[in-house]
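Working notes for the structure below.
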């Protein structure tokens, strides 16, 4: 058993451990397990050779030979950062779960399980394995929302589950179709890639469209995004963090690897429509965010807007755009969990998500306010913080590819400023609202959760090369397909 | 052997079947429904027998023997069920059997 | 000629008694009509030279089943089973379905008849042939049917006997 | 690593160090404010000396401008680096910022008094200085943009410094969003430039454009298509400049920005940050000169800004607002100069303006602080009560008006002569008229504040020595700097031009005389302005004017108007601007449009929200409902009646048989 | 008659079951506690026979002049699953102690019928075997405590059975009449020899399909199934859902997937149309069910529809089919073990009654969640493999556009099923606990039920992970 499969298995071992230990140790055990997993991924990151573009830490075992299914895992430039991000956010999400009081054991089991599946999605190089992890990640999230969520949790959870499931069924159909179309029948991604030219173009297109539907729901793209706000609003803070931080990235990652990385000829065809949808996402999400007075909804819609940048970057098929899209995924994976967390911090104290309820938080919770403001500014794409680089690169990519269309994206940048300021000013500034008097500033746990995210926002914004170096060669390879 | 075509006998059988079906579908009393099933099976048996006769093979006839035996069993089971039902509800009306639905 | 007339006569009787079975006003009349229907079947089997089946029909149906039916009918009447035998509220559906089925069957049978191969030679001694096949070719089902009977027997006994919890 | 590099890095690093130290020990420093202030001032003095040392070394060794470059991002062949690009232009602004910062911080020590957020103020000011310095030395658009936005954020927080009051909150939001609107233009323009020229480096852009313009083969050959992209990009970049440098019609945020503490206004919204747009314009001169139409647009917008700013300044009663509009107007001058290709002139005015406007603001701040009022009609006769402050203010005022030998005269004169030389007469007279108005409002202001008798209620407090020391420090600087750039011996001009050949602008007596004449006329006008009741703020004419939509829009005196959210506000304003020109007198129509557009944009957000819930979600739920209906109707078959079941079964069978017949 | 030892061996499961029947018959007449011992031995014996069934070499059994019985992959799979479910059902009944001794005899008789039916190569044998399978079922359904309801269920079942049997027999009659042969192979040959009659004979083909399909609830004969499942005692429902479905599905597979497939080309379309209709019906009807057992009944109809679509693939699709079948049967056994367990503490079928199960009994609760998810087809549980393998086979082996559409439709409809499974899961994992979820008496035999459910869940998880090996375990492949 190699390092990667060990890494995949480790959270599962943690799950077993959790079930065996009494509930009062659940939190610490989960924290430890996720932390160790994170350390494992960091080790992976540092021993990752950024110069070679082949799969690294590759493992391949036969699973169902008759169907051509294998257990094929590995990391490459497209996935390594997402792997690290997943485990990192899991640690923080588990850390952020201090407010959970009921059914601790089950709660943390869900999170560790979710971690394992998320890692699986990003390391799988067998389409079937990919699908398994993809689908499997839904269930723990469903449980998390349905059990520990807000008032309309059941509705939101089912909606989330069925919505994404319907999306992924198209993915499954596409995957099966793909395996049927290649000779010999196989689900092994590298093999399929080497055989892709044997598939007629119209079938490639069909598969690309099927895949796109699946990924679009996950991403989510307008008009199949309506599950997201509901899920976010009802999910517990930690659930929202992971949902926004990692689960949405699965969609972007899917587009990257299985649409643009797989069928260059067919992907070119859908690139422009996708680009336009991405723009719609940006503007539409931003307008919606602007109209919200519910903090969580606002952040949720902002996620939709931000994921639009990922799409336009990918659809640009330019080096800068695709790199920017990947970077934007990471950036959004850092800022949006942070935003959800700060909203969660407030909610934990006041049990209100209404902006109008708040006011003058800067006076009562200064440390929190600084971090909140930083997070919001990172999210609105302030240069020097992580959100900017991705936005710039994706816009530039889009511009190079399609010209002035990106003006719509620019409008999104502007609108982002508007809704973020609305949130920051509405919550932090003004006279101290009645409900906010005497609120305690951040606890040590909360600081420990938030500060790493903020630090990463700075690092990503100031020294993006640290991240880009893990992305570049892979993207370069991908973009070459489109030259 | 009567000098009638196979079709006539088969249609006779079909008529028996149809009478059986009508009985099963439209009578209220479970016992009558039971009788109707007997007629239905008579029609089936007749089909088997006539086809067997027409082709000069014995498989059909053998089959009829088995069907008869099993119909007898069925009658017994049905009767006992009706009996039990009657004991519980003091009725043999099939219309009252609508507790389970949806 | 005579057998042909006999056939139609028997067929007429069969149909009439069967119809009476499903249309009579009382259950007892239905039972009696059923008895005659069985009897007509015996005659028909005999006419078709299926003596074996005629005998089985006679024993099982005319003998056993009819008696069983009438017996339980009377038993239940002890307890006051309805004497009347009304139509259920789905009678209309019944007529419709029956009509459809008949039309379907009739049309089908007209087409079907052509696929039936003509007999090379009529089965002569069907009684012994059938009996032989029961103990040779079809011995396996023949054995098995005893188990069906067993099951029905046990079932009837268990169902009808008064509740007595086991152990 | 040579001395200059070392010094530059030191200079860039010092404010960061202060920021980190103050922010790191925030809880400590917010209790011991004096330590924080002392630390900050000390470091700023060090910074000023470092800057001067840099200047000295620079002059001594005349280095290559590119001091440092580390790769920042790389996308294929496209590389963006972080670096230090220090030519004479950058260095001069660098030094200017460092020098002004000292005065501001010194002054703030008094001005901010015992405000609870004093440490926060110093953090923000230092962060701002750090950002500004970083911006000045940026070798490329992207790095510049980083600091550009960072300054925007600092400005946002400083305007909203007293965040518990509603006014600063609204003003800060307005400022941030308005500038960000421009910034989006800048961002898009940058991407456009990148896509056409393949680089974001100012230097390389210049090289490539020169090459493409003149000799084919060495640089990028622009097709009509790419040229048009580039043109639009340049205009978009100018949009960013307009936002930051408060050019018409994006100037609306600047007057409101006065809601912040006065020293912050002095530093950010007068001296430095707003000038960064001009600085960027100077950096973009190759781009603008490649497209005459673009520079023409820029010049005219600058000229309009000059006039509107000056004109509106006339009608202000608030001492700070006058200065704010005057800032807008002066920025217009700089933009005109830079757009005309005269980077040196623009920068010269930038520097002199930085000093004298900072001086004016600080002096105004001192006055406000000592009498607790900003209304000039509650002042008067202050000359006697606070002579050092008044003196400093008058020095600044004189500079602003353009009275020789004060610095503003020289720098404005250079701009005017450049425009004259360019031969653009209408523009020249526009600017000249602007000078007239400037003189008018400045005179009016000075007379209102200092002459006559005191009209206020509160007894003026004394201004401590170190505060007016800061003023005089700036006063001396602003006089001295002007002397460096006289047309008689244009040391500064030569220095700014650096290695490039500096076209020696000959002493243009005509222009200089004209401007002197105009200024004196303006002063006379200003003198009479106060004397006639016709212009008094209570006069009917005045009231009608300031309540007209035109004035309302351009002066933006009612932040309440701007509370309309987001785009709504901006689009409404822009729309209004257009409409206002056309239907100046028809305020009802305009008002209707304002309300309509404002609400319309707000509605857009709402509508899409409703759309999301009512349409998209409904469609999805509709599918779900359809499935449910099918399910329920399926269950309706299950009535529980066996005879119905059997009927269904048999009919189904018949149907299957029929189907088979069809299959044949 | 001297039977060679190989024949005896080949019939070992059937013979063993017969011996058990005889033993159980004997218990009807003994007094005291002796019968309990024998009854407890039955599950063990059945499991042993299951192992034996796996070890018996395959091959046709030609002893009776007629090749009326065959031992092949299908038979082996069927035998093993039947033994497994038989053992489980007997255990349920032993734990609940609700039934008279005759119950066990009837179950074993039915099991025997199923065992014979799955290997039958000949219509008469098939007919009798199916009747043997059904008759105990008719009676068992009426074993419920609430006689009114359970007899109603039994009558519905029986009447439906009679009509369906008539339909089946009519189909048989027409086929035998026009071919003069009762063996499947003979009929196939006969039809192949006269291609003109193929389309005519498609009618008896369809009648047989419908007549047999009634037992597994194919549309249009689906109506009795939910009623009977709800009315019968829970153990019997489990019995119908496992033993009944295994036998009939495999019989259908043998008939339409193996024996008559090549003969009736157009029959494939018929089967698929019926299959898809059934799938859609079952899935949609289950959506808003409040009654757990009804929901399972409808979902079972849906599963059957899915499996039917694999019949026309023949042995090519057997792997996927058996994957599906195994996962479905194991999950069914597990869920009915759980339902039996619950029936000890409360006597209602509503889903709400199961609220908070995961809290009162975490292991059991989680297991049931796993079972339901496997049924719904969450990867990588075994249930998913069935759907996945099915879709793969359909896509690969049907003609191009039709196969793709069919596979897509199958998968999409399966996804809908998540909705109702989740609605059950939601109650199970709900944190508010139903006060009555604890069984009144907790002893070894009761916990045995939860162990069965847990075991089934573990099997599904492990099976999902090992994938193909599970098929080898059941002799498929």
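A few notes on this one:
Letters A, B, C, D and E mark the chains in the order given here, with residues in each chain numbered from 1 onward.
We adopt the following convention: a residue touches a chain if its C-beta (ideal position, glycine included) is under 8 Å from a C-beta of that chain, and two chains touch if they have at least 3 such contacts.
On a predicted model such as this, the values are computed, not experimentally measured, just so you know.
Sorting all chain pairs by how many C-beta pairs they have in contact places B-C at the top. Closest chain to the protein centre (all Cα atoms averaged), using per-chain Cα means: A. Greatest centre-to-centre distance from chain E is found for D, with centres as Cα means. Note: the chain lying farthest from chain A is C, by mean C-alpha position. Look at where the CA atoms of chain A average out and do the same for chain E: the two points lie 43 Å apart. If you average the CA atoms of chain B and of chain E, the two centres end up 27 Å from each other. Chain A and chain C have CA centres that are 70 Å apart. One simple way to say how far apart two chains are is to compare their mean CA positions; for chain A and chain B this gives 65 Å. Residue positions of chain B touching 2 or more other chains, listed in rising order: 17, 20-21, 24-26, 51-52, 54-55, 57, 59, 62, 66, 70, 73-74, 77, 81-82, 84, 94-95, 97, 99-102.
Contact of a single residue of chain D with at least two other chains is seen at positions 635, 638, 640-644, 646-647, 650-651, 657.
In chain E, the positions touching at least two other chains are 124, 127-128, 131, 135, 138-139, 142, 155-156, 159, 163, 174, 177-178, 180, 203, 226-227, 289. Applying the touch definition to every pair of chains gives A-D, A-E, B-C, B-D, B-E, C-D, C-E, D-E. Across the complex, chain C meets chain E through its residues 108, 111-112, 114-117, 136-141, 144-145, 147-148, 150-152, 154-159, 164-167. Across the complex, chain D is touched by residues 162-163, 222-226, 284, 287-288, 290-292, 318-320, 323-324, 360, 362-363, 366, 377, 382-384, 388-389, 391-393, 395-396, 398-400, 403-404, 406-407, 410-411, 413-415, 417-419, 421-422, 425, 428-432, 463-465, 468, 472, 476, 479 of chain A.
Of all the residues in chain D, the ones that touch chain E in their complex are 627-628, 630-632, 634-635, 637-638, 640, 642, 644-646, 648-653, 655-657, 659-660, 663-664. On the chain B side of its complex with chain E, the touching residues are 17, 20-21, 24, 30, 33, 37, 40-41, 44, 47-48, 51-52, 54-55, 57, 59-60, 62-63, 66-67, 70, 73-74, 77-78, 81-82, 84-85, 87-89, 94, 97, 99-102.
Of all residues in chain E, those touching chain A in their complex are 319, 358-359, 362, 373, 378-380, 384, 388-389, 391-392, 395-396, 404, 407-408, 411-412, 414-415, 418-419, 422-423, 426, 429-431, 467-468, 477.
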